[in-house]
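In what comes next, chain A is part of two complexes: it sits with chain B in the first one and with chain C in the second one.
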Partner chain A sequence: MKQQAADILDTKTLTVQDAIDKYKVASTKTWWQKTGNYRIAFLYLLPSLLLFSVFMFYPMIYSLYLSFFFTDAQGTASAFVGWENYTYLFQSAAFRNSVGVTLLFVLYTVPSSVIIALFLALLANEKLRGIGLYRTIFASTLGMSVAASAVIWLFMFHPTAGILNAALTSINLPALSWLQDSTMALVSVAITTIWMNTGFSFLILLGGLQNIDEHLYESARIDGAGYFYRLRRITVPMLSPTLFFIITITFINSFQSFGQVDILTGGGPAEATNLIIYSIYKEAFIYYQFGPASAQAIILFGAVLLLTLLQFKFGEKKVHYQ
Partner chain B sequence: MKKTLFFMSVSLLTLAACASNEEGETNEAEAEGEASAEEVDEETNNEAEISEEVVEIEFWHGMGGGLGDTLEALVDDYNASQEEFHITPEYQGSYEELLTQFRTVGGTETAPALVQMFEVGTKYMIESGYITPVQEWIDKDGYDVTQLEENILSYYTVEDELYSMPFNSSTPALYFNKDMFEEAGLDPENPPRTFSEIKEAAEKLTDEDTYGFSMLGHGWFFEQLIATQSADYVDQENGRTADATEVLFGGEEGLRAYEWLNEMNEAGTFEYYGRDWDDLRAAFQTENVAMYMDSSAGTKDAINNAGFEVGVSFIPHADEIDPNGVVIGGASVWMGSGISEEEQQGAWEFMKWFNQPEVQAEWHVNTGYFATHPEAYNEPVVEGEHEEYPQLRVPIEQLQATVPSSATQGALITVFPESREQVVTSLEELYQGTSPEDALQMAVEGSNRAIEVSERASE
Partner chain C sequence: MEEGSVKLKHISKSYDKQTFAVKETSVDIQPGEFFVLVGPSGCGKSTMLRMIAGLEEITAGEIYIHGKSANDTPPSRRRISMVFQNYALYPHLTVEENILFGLKVRKVPKKEQLRLCLEATDMLGMTEFLKRKPRELSGGQRQRVALARAVVSQMPICLMDEPLSNLDAKLRGQMRTEIRQLQQKLGITMIYVTHDQVEAMTMGDRMMVLKDGEVQQIGKPLDIYNNPANEFVANFIGAPPMNITEAEVQRDGSLRVHHNNSLTLLPASSNMKMHLGVRPEHILLTKTQETDWELSVKISTVEILGNETLLTFEVGETLWKAKIPGQWHYEKGQVTTIHINKQHIHLFDGRTGKMLPESVGVARKPAAVQGGASI
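On to the complex of A and B.
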């Protein structure tokens, strides 16, 4: 039976193939001419490819290479160790802690950054007298460098001279060890990060809000839709491309938060804020162990890539493009 | 077809333009390089007309703020004192950053002739091959090195060779609030010495907004608590006879220190203020902490900033053992290899100069670091200063009372920065409630792994 079916299929394909051969006009173009477009595309891409190769691909491939070695005091790969850097990482309690801390940090910062920025953007989108001032204030953290913001918060978190503890004690609450207590420290770093993220997210979201067609609201209002109904049915869907962009960017930024950790806690206390990116830095530039550091970097790269792909696969379905 | 050709030629042209641009840039850069080289030549020539020939010597250091200013002033004095050499100090960031910088340029032409390096970088420097041991110049010049402070020399002497010249050395000491001692009914002239005495005093000193004792999150202090019990940090005579293969601080001596800190922490008489020196100092100044350990280099600041009487005493030691003293900390100055004989000569002259009693007297008075030359303490400036701040004498007495041994000589390991990190992390775990045994074991395992990795990497 099967053989028969295959035969029929075979004859069919043959007939189609025959037809093609019969009516085919032989191309006068040579292979060289046919691939012309690709060569032009390549030429146009060449400058960026060159830059990417020097600053992205080469370091990435070199990291991958280093991750299979131990490095000597000069930082050159000296002993091939195979997968040991990776297997050691998966067994190491310190690395598992870093992974946990990083995920927790992302959980603390991403939703709250986006929600706060959205809330502020909705407020600032109202047409009121002097709203420009508030828009400037809300967006102002955008202009602050990571180092400057972290130092400001460092002063505020100071256990004895900080304004936060002064405020707490003035209303008869006990002073907190903002950066010295291991559970509090991650929250403190997260607060700083949210504060830093808000300016940028706010500005982009406000831009998105301003782009929504006023007529949509007008018709909704005529139909008797309340504020929250309009928010849910018009604002959020119309804003979804912007929201998706902001969520993706905040997400990636959150995985790569470094400056504030370095300035506020140095990964401590007891590794409670030792995010993977900070752990990579310590391994590479304090201990000078480029092998294990590269292995961590490769794992982080894989994880962020995977999560971003997942986000695109599932998140993008909910995005409404006009 | 024509269009395609046109586009291709355009892009090719652009490429060609890019290429020629690049060439142009390189040419320009080269030309600039030549120009600046010429300028330098001219400058040297101009100066040469006045003096014979000035040799430029770069000096990398890690002293910021007020200490950096003092250092620059010292170098200016040297430059003014003679006309043969010119030392150019360059601040490269913290000690850790300085080490990283030196690692990147070591062995290249941009490497400095003189570089300051913190004590735990000693082993790395020796192994790096980028330095010339100062012993070579000591022998060549017939310099009498025994005139310098023995306890400082012993740290930087490895297998009977002095590798780097002592520069800024300090030790830890116990700092306490004398006013609080009186209020609590303790004798400020007779401060607690042993672990249990400190613990009892801390209980009396603790109240609603004051903690009795605190220790900075820095491996240096733990190392001292081990050394004063005459225990080595690592095997092979503290890494001095051969490469260390494992750490030894996990024994009873280390456990005593961890248990002591844990007992105070659990009793609520100890508070941890993190890894930043200034945070702990601020807590002492605002009277939130009654006793703490600090570097002797901070003595004058502590006294000047405090609104109360500051007492200084020897570091705490375990009850069971007589104190063996302290290991010196701070930094020394290294001579780069691969530079001209002339530059090395200049570097060496500078090293000799700053170890003179008069120079060291100024240095000690202005910074609080030890004088590397004991005779400096007899200089009038120092005597005057000691009258005014008698507390400055305590660290000197403590250093001179130190029993020489491999323990107080200090450990030599390549992975010292990493081991310190492990110790501090495990202490933080301890303060968060991990048992002393488990916390100490973590530090031991982490340090041993670092030693193992570095050993296998250098095979």
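On to the complex of A and C.
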């Protein structure tokens, strides 16, 4: 029986193969003609490949290379030292401080940026007269350069002339030394960063909100679901791909914050705002220690990559793509 | 009044306070009735449904649901269920969670939820799909989930907004009967919006034909088909639409269609512009005992569908269509004679488009047809 069944199967597969063989016509195209599409594709990719190579791939590989060397003041590799730059970093209290400060900074900025942006997006998603004006205002920080925003905040943080302390004293609260106090300085930089992040996150989240089918809410309203129930059971799950994107982007951006630190605090007071990127900058361009600076850059890259991958692995389970 | 009834009193909706989206509509929908709102797109039928649902404010008028004034009742308190055109299924929830969403909101006990869910999915043959996400379902299955959601809510009134328009023709025919059967089984009031006159004709106990926010006619499907209130209804209900031609009233009270054969009106009413309408299915190619009027026409196109033939021909300046059973072969340009029973002729006021009362038009009852065709 089994043999028979196998035979039938065999003849069946054979007939298909036979039929194909019987009517198959050999292609007259040459190998060169067949691969024409690949060459055209490569041509289209060429400009980006060139740009990426010059400005991304080459510096990355060169950093990796430098991280294993001692360099002179011009940044030319002078002596191969193996892992010494890395071991030096892990023993250095300054670097450990930087890592701690950076993690704290990320913790300060990412959740609050996303929550504030989501809150504003929910507000701006209501259909009200003149809502377009508010949408523009909320999104406006997107169009502002880091330097400009940092300078604006620098004025606001000013201990005597700043509007923030003026506001505090007017309601009989003690004035704060925003940028001079070692705890407050990181908070102040974080506030500036959150403010700068909000515009972009707001815009993307608003776009995500507007993509949610209005009928889902109407259906829920007929069922009697209240605002917060709808927010929790419909809006957040439906927005999860956008939220995930925003969290990832804000996260990476936070790790790479530089301009605001440079303008507001210069890493101080007492290294309290010396984020890794700023520390890399100081190491390389103030102390001319290109080797340890490169090693820091590689560690930062690895850490961000690892954390982003982890985020994808664990976060994506909660994301509902349609 | 009873549970499950919906009463609209002079309901109006205007978005810009200049034009009406829905104009002064009044209707009584009985408990357990299948009521269809039908009209072309933009006629206000969906707006009316959404006002009944409470999703849209009412500009003027009163609405009574379950016999009580519901002008200010929020949607969740109206005890209605609604099926949307795109089904409005939550893409991130499984079929089961979708069906139970409303019950969870209303805090129905878990056991009861499960029982109701199984009952509804069983009724719609969806039990094996409970754990799937909507995107893993076909259009027809999604439709069934949307229906199950309405069934499980156990609300006495169900509103449907063009639920079949996203399905292919075959499935649509099948779902038509299923929805109708479901409604009868549950004994609920159904208010059903569609632009498809076939759905309106086959599903509804009664229907309301709308155009530009104005009610054209309310009645039983067959009554509307047989006695359309005006030219618009005559045109909208029935496929292909009714043939309508301008007709001249002679001094002796007879009616002429483009210098063709005239027809006597009883009683004579001269000086009136009239439009004459005949349904394509009432045109015959052979003279029978029933036919008492004939017209000579020129064939312009022939579409043979197998079981029937659609003929288009010129009657004066207008084109008429005829639906003839069987397969008929004609040449373009061929001249032939069509036969009509005067009972089947509809007359409309030439200016307003309103159907003329029987006393003016050709009487529809055989007894009143006395004049016959004056040839």
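Here, the second predicted complex is superposed on the first by the 272 of 322 C-alpha atoms of A that agree within 3 Å, B and C clash if a C-alpha of one lies under 4 Å from a C-alpha of the other, contacts with A are read in each partner's own complex, and residues count from 1 in each chain.
By our rule, a contact is a pair of C-beta atoms (placed from the backbone, for glycine too) under 8 Å apart; a residue touches a chain by one contact, two chains touch by 3 or more.
As the structure is a prediction and not an experimental result, all values here were calculated from the model.
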Field: Combined model on chain A: chain C and chain B, fit or clash
entry: fit
Message: With both complexes superposed on chain A, which partner does A:Asp72 reach: first (chain B), second (chain C), both or neither?
response: first
- prompt: On chain A, which partner's contacts cover more residues, chain B's or chain C's?
  reply: B
- prompt: In the superposed arrangement, which partner chain does A:Glu271 touch: chain B (first), chain C (second), both, or neither?
  reply: first
Message: Looking at A:Pro47, would you say it contacts chain B, chain C, both, or neither? Reply first, second, both or neither.
response: first
Message: Contacts for A:Phe245 in the overlay, against chain B (first) and chain C (second): which applies, first, second, both or neither?
response: neither
- prompt: Counting only touches as set out at the top, which of chain B and chain C does A:Phe301 meet: first, second, both, neither?
  reply: neither
Task: Check the residue A:Ala161 against both partner chains and state whether it touches chain B (first), chain C (second), both, or neither.
output: first
Query: Between chain B (first) and chain C (second), which does A:Tyr134 come into contact with in this model arrangement: first, second, both, or neither?
result: neither
Task: For A:Tyr86, decide between first (touching chain B), second (touching chain C), both and neither.
output: neither
- request: Give me, in Å and rounded to a whole number, the least C-alpha distance separating chain B from chain C in the superposition.
  value: 36
- prompt: If you look only at chain A, which of its residues touch chain B in the complex?
  reply: 36, 39-40, 43-44, 46-47, 70-75, 78-79, 81, 94, 158-161, 179-180, 182, 265-266, 268-271, 282, 285-289, 291-292
Field: Complex contacts: residues of chain B adjacent to chain A
entry: 4, 7-8, 11-12, 15, 18, 96, 100, 103, 106-107, 124, 127-128, 217, 272-275, 279, 282-283, 286, 288, 414-415, 417-418, 421, 424-425, 428-429, 431-432, 446, 450, 453-454, 456-459
- prompt: What does chain C use to touch chain A in their complex?
  reply: 53-55, 74-78, 80-82, 84-86, 88, 90-93, 101-102, 105-106, 135, 153
- request: Mind listing the chain A positions that touch chain C in their complex?
  value: 213, 215-216, 218-225, 229, 233-234, 237-238, 240, 320, 322
